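A, B, C and D are the chain letters, set down in written order, and residue numbers restart from 1 in every chain.
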């Protein structure tokens, strides 16, 4: 192979130097186009489908101390009504007196209906192939085709969105970062990854309708809480508690910005 | 870092300054700060002071949504100018090879239980996340302006070197509430490391200027 | 359902297109976990696809096949209702087999 | 998702591979383990690999179509497609020049199956990816360079 290899390396060099002759902008466009082609090739099959299958199985399985399924779980549209439920979360739930997202609500159901402890319900939540990953993917998949419609009728819901907006702009830490550092300008990228601009509803819709999403870099579906908690890690902030209000408030603000976007999750991301 | 915990009522600016402008109101700020307290319940006091608490610049930029009114912006820029520190050697143009390394490093300083960096993980400027630099690196971000061939444009006069150093040390001296981290002011990079990045940007031998 | 599999087999005239997604970690044995320990190699080595009992594809895989592997190919001589079965065996001796009907 | 439930899992820890293989008319487990060509996966270059597979001197061929992205957003998942127009193609292998193991996958194509494969592979770094095809007992290849980029906030 060595001779063939040298030959190929020479080819590559020719290609490379000729690449330098074109303008930086053209080269940039080319890279972005090729990344888009890469993503298109991946659209053939999304491994998130495997999580959906596992989630459906978990949803119907008799689990917990009470040995019952989650089929009576109320995600906001009534017990067991899953079609479209994810697209209308987070929302206020009277029985808990809290604004909850899909994840925190599933945990409530696992604890109250199935009799699990908090620890059991959230075990390995951030690991690939976790039960939470599968359940959220399954639930979100059943909102495919539904428009995001985050309710603001309850005062707690309005307060949560306002807090989420405030937190979105909040900057702190050794790099002065906040969500707004990267997500409040149109058409920007980190490396080659386009950044959604959450101040623009079209861009916010483009992003939020894809989550939860299979991340090829992780080999796993990430829920929105997982995504946000990792953004916060990368901002060099400490780690917020899983299912905590800060995470749900940010999620609700972002989802609210994406109101009207038609859910296509589970998506596929880098 | 001077810490202002706004939840305690130490608001960085009187709320009247916000009238009619895009910025948060005190109630919402207080509620979200309380929420922050509860949600980061396992953060240590040290993490609160260095990672979650805000200095006055961070608090003002948050409050004004990164668009401070003129007076506030002028104060932020003045604070930034007075914060500048320089290498003891006085040499602001360092080694571009070291600068190249620092420009690519994006890790370091991440904490928590899920995917923390090791405490000894080297930190860098992660310049490529936001800027195009050497034309050979295709995976360059666009949050900041392209700096490809920056040295060809700026030259290496002492004024140019000093100004580039200051921009990296504390960009808010030039652009109040810039989204660029205050690498020197916050102690993320040392003055010598900043000088190396200055060289990476300006040195005619650097790949940035090829 | 530790390792679900998704098989789609669609007939277009005489040709059946098979697309398979398999849940598997495909660990190379070279990756370190958060504690700095090497994660042991764990990957599918052999995979066979049969149509009504006849082999239509077989493959040997190394650890460089991506996690949650995807495989697509086409064969002649199938029809709706026929059974496509996918069977894999990994380096730890685990094996699984799923079947789907051609649509 | 209705048709997913028609995909039956028929194996598991309680059912041995032997039972399974016997049931589906395949080989027994010992034979199956022996089928995996360890030597091929340990080959360091294409010539060695071809020798391990029982051939000599692979030739470059334009009759192998290799489709892949020029730039992969992430090296953990790189989609590739190979189609051979060489008559009598009965195997297609994927080789990744700078991976710890050169050989990524080898597909045996029986008569009646089209010589076209789509899959996804891991790439440790930017390098050439080769499609190596056996047709009428001879080996042919084509190559494409795929760039693996640094991505995301952490670089």
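In this text, a residue touches a chain if its C-beta (ideal position, glycine included) is under 8 Å from a C-beta of that chain, and two chains touch if they have at least 3 such contacts.
Just so it is clear, the model here is predicted, and its values are computed rather than measured.
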Would you identify the chain whose C-alpha centroid lies closest to the centroid of all protein C-alpha atoms displayed?
A
Name the chain pair with more contacting C-beta pairs, choosing from B-D and A-C.
A-C
I'd like to verify one number: the distance from the centre of subunit B to the centre of subunit C, where each centre is the average of its C-alpha atoms, in whole angstrom.
48
Intercentroid distance (Cα basis), subunit C paired with subunit A, Å
27
Taking each chain's centre as the mean of its CA atoms, how far is subunit A from subunit D in angstrom?
32
Going through subunit A residue by residue, note those that touch at least 2 other chains and give them in order.
31, 44, 53, 182, 190-192, 216, 219, 234
Give the residues of subunit B that touch two or more other chains, as numbers and ranges in rising order.
110, 115-116, 128-129, 138-139
In subunit C, which residues are in touch with two or more of the other chains?
1, 4-6, 66-67, 70, 72
Touching residues on subunit C, where the partner in the complex is subunit D:
1, 4-7, 15, 26, 28, 30, 45-46, 48, 50, 53, 55-67, 69-77, 85, 87, 89, 93, 95-101, 103
For the complex, which residues does subunit B have touching subunit A?
24, 28-29, 31-32, 35-36, 38-44, 47, 50-54, 57-58, 61-62, 65-66, 109-116, 128-130, 132, 135, 138-143, 146, 148, 179, 181-182, 186-188
Touching subunit D in the complex: which residues of subunit B?
104-107, 110, 126, 128-129, 138-139
Touching subunit D in the complex, subunit A uses residues 1-2, 4-5, 8, 12, 31, 34-35, 37-39, 41-42, 44, 52-53, 56, 141, 182, 190-193, 216-217, 219, 231, 234, 270
In the complex formed with subunit A, which residues of subunit C make contact?
1, 4-6, 19, 21-23, 25, 66-68, 70, 72
